[in-house]
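Step one of this worksheet: look at the structure below.
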Amino acid sequence: MNSTIAMKRMEIVIDEEKLEELIALLREIGVRGYTFIKSAGGLGSRGSRRPDDIFFEETNALLILACLEPTAQKVINALRPKLKDFGGMCLISDCSWVEGPAASY
Amino acid sequence: MPTIQPVVGFFILGVLAGVLKSDLKIPEALYKSLSIFLLIAIGFKGGVSMAKYEIMDVLPIALSMVVLAALVPLTAYPILKKLGKFSQADSGAIAAHYGSVSAVTFAVGLAFLEGIKETSEGYMVLIMALMEIPALVTGTVLARMGAKGTTQWGKLLHEILTGTSIFLMVGGVIIGYYAGMVKLVAPLDKMYMDLFMGVLSLFLLEMGLLASARLSAIRAKGPFLLVFGILFPLTAGFFGAFLGAAFGLSTGGTMMLAVLYASCSYIAAPAAMRIAVPEADPAVSIGASLGVTFPFNIFIGVPIYWEMAKWFKGVA
Amino acid sequence: MPTIQPVVGFFILGVLAGVLKSDLKIPEALYKSLSIFLLIAIGFKGGVSMAKYEIMDVLPIALSMVVLAALVPLTAYPILKKLGKFSQADSGAIAAHYGSVSAVTFAVGLAFLEGIKETSEGYMVLIMALMEIPALVTGTVLARMGAKGTTQWGKLLHEILTGTSIFLMVGGVIIGYYAGMVKLVAPLDKMYMDLFMGVLSLFLLEMGLLASARLSAIRAKGPFLLVFGILFPLTAGFFGAFLGAAFGLSTGGTMMLAVLYASCSYIAAPAAMRIAVPEADPAVSIGASLGVTFPFNIFIGVPIYWEMAKWFKGVA
Amino acid sequence: MPTIQPVVGFFILGVLAGVLKSDLKIPEALYKSLSIFLLIAIGFKGGVSMAKYEIMDVLPIALSMVVLAALVPLTAYPILKKLGKFSQADSGAIAAHYGSVSAVTFAVGLAFLEGIKETSEGYMVLIMALMEIPALVTGTVLARMGAKGTTQWGKLLHEILTGTSIFLMVGGVIIGYYAGMVKLVAPLDKMYMDLFMGVLSLFLLEMGLLASARLSAIRAKGPFLLVFGILFPLTAGFFGAFLGAAFGLSTGGTMMLAVLYASCSYIAAPAAMRIAVPEADPAVSIGASLGVTFPFNIFIGVPIYWEMAKWFKGVA
Amino acid sequence: MNSTIAMKRMEIVIDEEKLEELIALLREIGVRGYTFIKSAGGLGSRGSRRPDDIFFEETNALLILACLEPTAQKVINALRPKLKDFGGMCLISDCSWVEGPAASY
Amino acid sequence: MNSTIAMKRMEIVIDEEKLEELIALLREIGVRGYTFIKSAGGLGSRGSRRPDDIFFEETNALLILACLEPTAQKVINALRPKLKDFGGMCLISDCSWVEGPAASY
């Protein structure tokens, strides 16, 4: 694919309540772009979390982040100690960023 | 025997929709909006009629009834543990649910009184709001006795006191009380009083849908919970009616106290127990309180508590 | 000619918002909540006034009118197929829409009667609920005649009978009937009767928004559907008014039967046709029924059906 | 000094919920539904009472008051720029907010008058709707004077005129006016008039939640905005009361004009400024208008504007 | 990237109505973690499905699943016969799981 | 992984308001399947966009698209000039499509 930049794609799932904290952490590291989706459900080590249970509003947030490898490593280092408190998971994969006018990475 | 209120027909409609797999769905935002409305309205109605009392006269009575509410989970716990063979955590959590109260059952009680043109003391609603505290605290203590790991008391108390239910009811009481004092109930009553029954009907529709979905969760312990879910509230209601008469409440108030003791929570208590006793299985306690006791109370319990109240008032 | 009801002004407001690309949006949860309210309210109102009849006296008349409703799709089908050059599937699906009814048009009819201080028979609402069945079944048969692949009759009947519309209307009728019998309509009427027109106004606002969005879908067959969408309901309404007078309904009831025959569905029918005739294009049938016939009926049709009713009652 | 309306207690309840970190949440769909209701209701009420005037008699007065509203941002701008040391963009945007109006403050003013059994001219609501235009346009001109880049005037005017607020209010006025003329206000008033205060109470609850969340945003410029957010509306209100008396409005109408001049927008203006002056920081203007001026107006301002109105009417 | 485990990332899109069935299937296989998002729209072989159509509530659910390769193969085998009934699609790619206290895979 | 086809996975984040335009563009190119999720929040070159801000309804849409490499290149070519107007980002990565009865790619 031409006109693309090799990057890392990170995908983090955490408790929706902790999203603000995660975002603050990312901003500290200097991340310049991310996308998040709320009201996700899921199953994990702490059992299942469902967005449509009327009695328990336990939902996850999914955050996607494209960045260069060094930033990705910084995010991992900062995130790992917090993963316990945040719950959830963090996946990393390779991707290419289609160059455009803005460079929010 | 007085006639069944049309409003509870909506509960049946909801159950039917669930059983027949109708595609009827109550939007989540509507369900939440209705519950906000009902909590404020219950508080407001109570506050307005409290404005007629000297608050200091009724406070001691009210507080005693609240404190005595701790007896309910203390009674329920050994029954659940010994006879029901539930774990300590589950027994404590279910006990907390039955010690706590259901604002919707309370509302059905008020509707019943309205239907037969009777009234009750306005401060019953304050008792209802406060009763959550001893019930949930006692239930938590029972569930966690001797357990390892620390109880998050701070978080639990914050959840109980600022949880939507107590917060809105107490807020409604205060605003209603103020409105009653300054004689400006007028335009707010068009909403919080006149529409009360109509809003309740929609809420009961959703309760029916939920109840039919929840019943399946208690299958394993079904027979025990069915018996417990009917006999326990009858006993607790009997005790409540006795107390009400002993404290000199009106017949309507006596019935409402019976309703408070007999009813059990499926909104506030699950939220609190999730924090306080996370190892308990919420499916069981919600299944029993919403699937068995709630429908029992609104159809059969309420008229029985009314008879109890009349009987005790006759005796007293 | 009687004055146009202010409530239909909200439909124009919604259309305008769509045309002017206003950022006005009705939250989906509100739209659904309003339709739940309207369906229950229509049923409830009907049920309450049905409590005044001997149910057995009216049942045969009601059932005949329901069965005769199957004539509507049978008439519409050849017109759509021959003159409109629609495919068999589309012809059947559109025919089912026009044989079926629109609860909101019905509501506008009731509002019209209220405005001129007239009433209609309460069991009209039951006829409305039941009319869906022959219309949708006939439409499906027409659409699938000779087609290969099996029709999912079980799923279709389940969808029709437990679909939100029929379920809530029939539920409302039963609860309203019960409330009327035990004379406990009182506090529920503050919601389901007093607020009916206000809720209808908000719903019409959203209908206007939807209609303006849907009109574009029928562009290809526009001229034909415009003519069909106006002349067909007029004819069906004429037939309905004739039937109403023949069966001895009141003038208001005669008009309401004309409204039922003339109105067409854009909620229940699309859902049913999606299951029964998935190869039909829903954009066309919804565009015609919501974009042409619905506005025609609420602005021009309803007063005309009233004149028809008066004329037939004069003749009869 | 007249008593504070119970309805504003709901604002305090909302603030408290925010401060105490209660888990109370108003569903977004409810918030939006309530604001749709309030905008229509304000328009409808105004339209109904406008039906009593010869529209041509009041138009010139109304238009003058609208045009004079442009003075408010013109006065606010230099104060914000010189004393407040805000950037040109921020000064213009904040000026536009304070020149614009708050429909909810207007509603609280109406509730206040209702409480003391006073009335105001129905066309005040039309003035409110129209006042947005000069305020937002003036604010934009100020913010963009000498700035490079073109202003999106077309998009801005479209946003102002078809934005939900103006659209629904003007729509409500027209329908209310029509209903008043044909004497068919009747069943719609059960919703848009009787429930006005109750719906307002729920809306204020959410406003309280929002205000407590927004206050933190103005921390940096806090002291200045606190003083500005109180003194500026007092001055603008004084000017409004003077104008009202000079134009010969009733005492209630004089007060409402003061409320219009004193109140500031936190719904329409933010949306318009985002398009017109994207480089301004919305947190500051919303924080000041919702966190400072709105609560000041509903608790302290409204009774003061009433006193001002009485004083000017005495003088005039 | 250090402290990460190589894994497979599966991404399944199906009718929202079928989500419960899919979850049941995954649990049977022994999957220990997944995340789902409801109310997705899309275009596929059966035409377009839109979450905001007021007349037809046809929505998709998106389910993301990180697991080790053998589990992924098991999921594919179980899913393939069902794909027809479920509708939708299933994508697989490589990813790395950032090690944390919980191992819900 | 057997029975899979190598494909490209594209992930596009744009303003929700522009989603219809993007979809029209994709259809023109001949894309036969995609999935989208609305109400996403995020941070990018134009600042942060939040789905739950009651004053500003600025939300993003996330669109996922699995297709063969030539189609992906066509999408990139068509998208690049529009990226400025659309805002947002476009990521590309490798994936495998699990073969099923439908082939909506």
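By letter and in written order, the chains are A, B, C, D, E and F; residue numbering begins at 1 in each of them.
What we mean here is this: a contact is a pair of C-beta atoms (placed from the backbone, for glycine too) under 8 Å apart; a residue touches a chain by one contact, two chains touch by 3 or more.
Predicted model, so just to flag it, every value in this text is computed and none were measured.
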Chain labels contacting chain B and also chain E: A, C
Homomeric contact chain C-chain D: same or different residue positions, threshold half: different
Most remote chain, CA-based centroid, reference being chain A: C
Where chain E and chain F are represented by their mean Cα positions, the distance between them in whole Å: 18
Centre-of-Cα separation between chain D and chain B, whole angstrom: 41
Distance between the centres, which are taken as Cα means, of chain F and chain B, whole angstrom: 49
Shared interface positions of chain D, touching two or more other chains: 27-30, 33, 195, 271
Touching two or more other chains - residue numbers and ranges from chain E: 37, 52, 93-94
Pairs of chains satisfying the touch condition: A-B, A-E, A-F, B-C, B-D, C-D, C-E, D-F, E-F
Sites on chain E touched by chain A in the complex: 1, 3-4, 7, 9, 23, 27, 31-38, 64, 66, 93-105
Of all residues in chain B, those that touch chain D in their complex: 27-30, 32-33, 36-37, 40, 158-159, 162-164, 167-168, 171, 174-176, 178-179, 182, 184-185, 187-188, 190-192, 195, 271
Contacting residues of chain C [partner chain E, same complex]: 28, 31, 210, 266-267, 270-271, 274, 282, 286
Chain D contact footprint on chain C (complex, rising order): 3, 5-7, 9-10, 13, 16-17, 20-30, 33, 111, 114-115, 194-199, 201-202
Touching residues (chain side chain A, partner chain B) in the complex: 52, 54-56
